[in-house]
Every structure is written in structure tokens, then in C-alpha cells.
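Per-chain residue numbering starts at 1, and chain names A, B and C are given in the order in which the chains are listed.
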């Protein structure tokens, strides 16, 4: 690299430092308040940082996640990171955990008995693990006193979501009209067979 | 800043990512091993990063510390960081802590497994915080060997009570007054019903 | 293999499991005529043939068979307490269908979340404590700053009973074993009687408890029985050498069902 790196305006540097220090994503308003600057100025600073931390320019990339802004490592450095830290970034989820997490994510807030009812089996150990890993948290009580759960910012962050709105409509996984038609047809055939 | 930020060689980006991720300083040898590169190449990458992360150019500065390299936030951003992170906060009770404290206050003494059965979820972290804040203390062992807890004088002060006799009568909040049994037994029953 | 494709060859039905479910839900197959035990056996055969247990499909199977069992038990218990039933069979069938759809939906959603996580695989986040100078100071709150009512309210919430999982459809009249013992002893005094006689007009629960009382009498050596053929009359009589005074020795059997 022969060019000299350019100086960066003070506000952008301050925002960069705050994002570096914070383990949670920082919302625009929080950044503006801490920097004693307007949101417009902070937005401009973030745009500058996005350019500075674009893939290929930095091993640290700027991301909008979990209702705010945060730095993450560039995936290109993942092999080296795995060698250095000798553990994967997040353990993968078992099917039971993934299913429990999906139910909490879509129905929040939801209680353990409700999760068990939908899954048809107890969700106790999956809930405990998800709590432990900071993906879900307690969110008060249902009207019957059962503790209800919701997903955390950590969940949004690790799953690359800006907000829960980015989750696709759950109805998209319902059986298609074709599938239903197929079922109906088989039903008819079976009915005829029975009659005959 | 009108210049376009320059691209950065891959090795420097990887070193940048590793320094970003690690909370402790990384030695040259560690970096070289993780990057599967020679120490000479890593030294050159560090020189590039030192330029990129010099004060005035970035809110994240490169430091040589304790025989290794580490990133730190630029001291110039300290005021903003203090506004964001270190505003003094008065300790308040989370819902889980308030619930756990209420159980200890009304049942004293009570063991952790009993609290968990009543709440339907583990109370370990709430108990730890309450112990830490001096609101509850150990009061011997139950007949099954579990440590039991009671509230402290500090607790009475926080709630403005002269003695435990001044705890309000639960009957005011009792949603099912027709249920029979002493308070402990009823709490256990309700907890078990919730746990399903 | 999805459990839906499990091939069944039963007395009342031949075909895949999902079709069976559909037919049951549409009431084209009478659940009362369907031996669920045979369905379970077919599944176990299938497992044995495959030689491995696939947790996903095993869970699915257990969910479905449990739902069918519940539905069937509701149908079987339809009786004099009809009006007490708060869930009609059609409604139960609807519930089963909704539950299957829900389970399917969230399993797919779980797959989606898994894909999201996979796509994020390369991104890591910094997890470092704040430098000591920036750590938040936590002030002890002032005396009396918390209100005791908060504690009472918390206890009140914990006292709330979850709505009981309604077992009303499994209405359980309480039948005392002692009462049935007394009845059987009364009949025995006459010499012999048929079991049918002892339970004429009684509900299922009473029949069950009477049988239990009869077993108790047998254990104590107060009664014996013969049954000429399967499902035939059960003839109850005093054992050949009934201990003298046995009738008065029997202690109070206070158990109730």
C-alpha cells in the first residue's frame, strides 16, 4: 500500500471507538447522545466508516444488526480465527434447540408449556440451553404466572438480523395448494377403494 | 475525506481481524502461526496496521503491550465512551431477582432447589446477585443438605421495613384464595402446575 | 424417512401413515375401530428393519400417536357425562390438525434459522470487557427506595394456579373400593354370583373398581372365580375352604379410585 491513509474526521473516529468498545450493537440515537452530535452527523460518520470498513479494505467490517451498528470480523479471516481461538464462533443448534428458538422468535413472548404444546415434547432442556447461550431471555409472566420468553439482541446479532421484522412470514412454510391437492386426491382414491 | 480508502493486503486484514477479536495482546509468534505466515510478513502487516490505526486516523489504535499487540480505543474518544458506558447506575431489582427475593422473604428460610421449583426455572443467577448485594444470606442447611437462605438487615432497610412482621399480607394479591394450605405448600403446588 | 410415509397394513386400513391420519381426521375411519397398538407395532417393525433410530421422525411419530391416543380416549369416554365435555371430538380433531401444522411450520422455521446461522458462520464479534476506567459504577440504592408491595405482588403472581389441564373429559367419578368390597361380600354371603350381576348398570370406572375389589378378595382368600370361556360369564364364589370368620376379619379398605 503506497498511499498514505487519510485522516478521519473526529466524529467518525469517536463512533469507531464506541463501536469497538461496545459488545452490543449501538443504535443511532445512543451514538448521537454519547457523541453529543446530531443523528444526521452520526449517519454521515457511519457512512464513512462503512467505506473504511468495507470488505477488502479491512479485517473489521461494519454491520447493521439487532437494531443498531456493530463491528464484526471479516469472514475471510475465519480460518485464522479458528486456529487462534480453537473453537467455532457459535456452537451449532440441535434440532430441538432450533425448533424451540423458532417458536420463541415467532411467538414472543411465549411460555414453556406453550412451546411444549407446539413441539409435542418437553422443551425444558432446550430452553435452558438457549437461556444459557443468551439467545432468549425471560420477559415477565403470562396471565397464569408462567414465565414467558423472548429472543435477545444477541440472537439478532448472531443470526445476522437487523430486527425481528426480517424473519419471513411463518405461513410461507404451510403446505402448498399442490400438496393439499395431492393429499385430497389420495384421499379420494382411498375412499373409492373402501367403498368398493 | 475525499480520497478513496485503499485496499489492504489480505494478511494485514487477517491480522487486523485477529487483533479486533482478541481481548488480550497477541504475540508476533501467535499471529504468525494463526495466519500461517512468516514472522517477517506479519511484522510488515503490523507496520501497515500501525499506520492505518495511528492516532488521528482511526478511533481504534494499535498498541504494543506486554510483549504483544493489541487494539485499544483512541483516548480522544474517552468522554463519549464515558457518557455511553459509565453513567453511574442505581442497582435495581430485575423481575427475576424481585421474585426470588419475595420467595425468600415470605418463606425464610428456603433452599435454591425450592426456589427453582416455585419459579419453575433456575434461580441461580438471581440468588447469586441477591447474595452479592447483601439482601439475602445463608442460614444453614435444610434436612436434605441444601443451603437455605434468609433475608438480611440490609433487605429490611432497602424496603423500609422495621421487621419481617411488616411484610404486607399476601392475601391482598392472592388470585386463588379458595386454595387450601400454607403458603410454602401452595407456592410449590402452583410452581409444579406451571412446570406442567 | 418421514413418518408420513410409514406403510401400514392394519385390519381397517392399508396405506401410508399420513393418509391414515387424514382419514381419521375426516372421520372416514372410525378411530374406535383402529388398533393404535398395531400402528405402534408397525412403527417398531419399521425401526427394527432400518436398524437405527432417527430422532426427528421418532419425535414426530410420538407426537402424532400421542395425539391419536388422546383423541381416541376422548371418544371412548363419551358417555353419560356428555354435557360435561368441553372439547368435542370434531374440535379435538381440529386441534390435532392445527398442532400438526404448527409443528411443521416451526420445524421449517427452525431450518430457516439454521441457514441464517450458517450464513453468518464467518462473522465473529469482539467480546472483551470494557477497560477498567470505563466500567460502570453501581450505586447502592437509598434505604426505603423499594416498596414492600412489590414483594407481595410477586408472591401473588407465583400463587396463580395455571389453568388445570382439563381432564374433565376423562371424568372420574370417585368410586370407593371399600364400598365395592362391601357389595361383593354381601353377594358372597348368598353363596355365588356372576360378576355381571355385581356391576349391572355401572359405569366403566365402577366396573374397574369392582374388579379391583374382587382381586383384593381373592388375595385375602375370601373369593374365587371361574370363567367357562373367554369373554364369558365370570362366576364368583367362596373358595373351597373359606377361612372361617374371614368375612368379619377384613379391615377397612379405605382406598378410593
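Assume contacts are C-beta pairs under 8 Å (C-beta built on N, C-alpha and C of every residue); 3 or more make two chains touch, one makes a residue touch a chain.
Just so you know, these numbers come straight off a predicted model, no measurement behind them.
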Next on the checklist: Quick check for the class: compute each chain's Cα centroid; which one is farthest from the centroid of chain A?
Outcome noted: C
Item to check | Innermost chain by mean C-alpha position | outcome: A
Checklist entry - So what's the Cα centroid distance for chain B and chain C, whole Å? => result 42
Checklist entry - With chain centres defined as C-alpha means, what is the inter-centre distance between chain A and chain B in Å? => result 20
Checklist entry - When the C-alpha atoms of chain A and chain C are each averaged to a single point, how far apart are the two points in Å? => result 38
Checklist entry - Going by the touch rule set out above, which residues of chain C reach two or more other chains? => result 124-128, 130-131, 134, 157-162
Checklist entry - Among the residues of chain A, which ones contact at least 2 other chains? => result 20-21, 71, 73-74, 76, 81, 113, 141, 144-146
Checklist entry - Hey, which residues of chain A end up touching chain B in the complex? => result 1, 3-10, 12-18, 20-22, 26, 30, 33-36, 48, 51-52, 54, 56-60, 71, 73-74, 76-77, 80-81, 83-85, 112-113, 116, 122, 128, 138, 140-141, 144-147
Item to check | chain C to chain B touching residues, read off their complex | outcome: 124-131, 133-141, 143-162, 164-165
Item to check | Contact footprint of chain C on chain A as seen in their complex | outcome: 20-21, 23, 61, 63, 70-76, 78, 81, 89-90, 92-93, 95, 98-99, 101-103, 105-106, 113, 117-121, 141, 143-146, 157-161, 167-168, 170-171, 173-175, 183, 186-187, 190-191, 194
Checklist entry - So in the complex, which bits of chain C are touching chain A? => result 15, 18-19, 22-23, 26, 28, 55-56, 59, 62-63, 66-67, 99, 101-114, 116-117, 119-128, 130-131, 134, 157-163
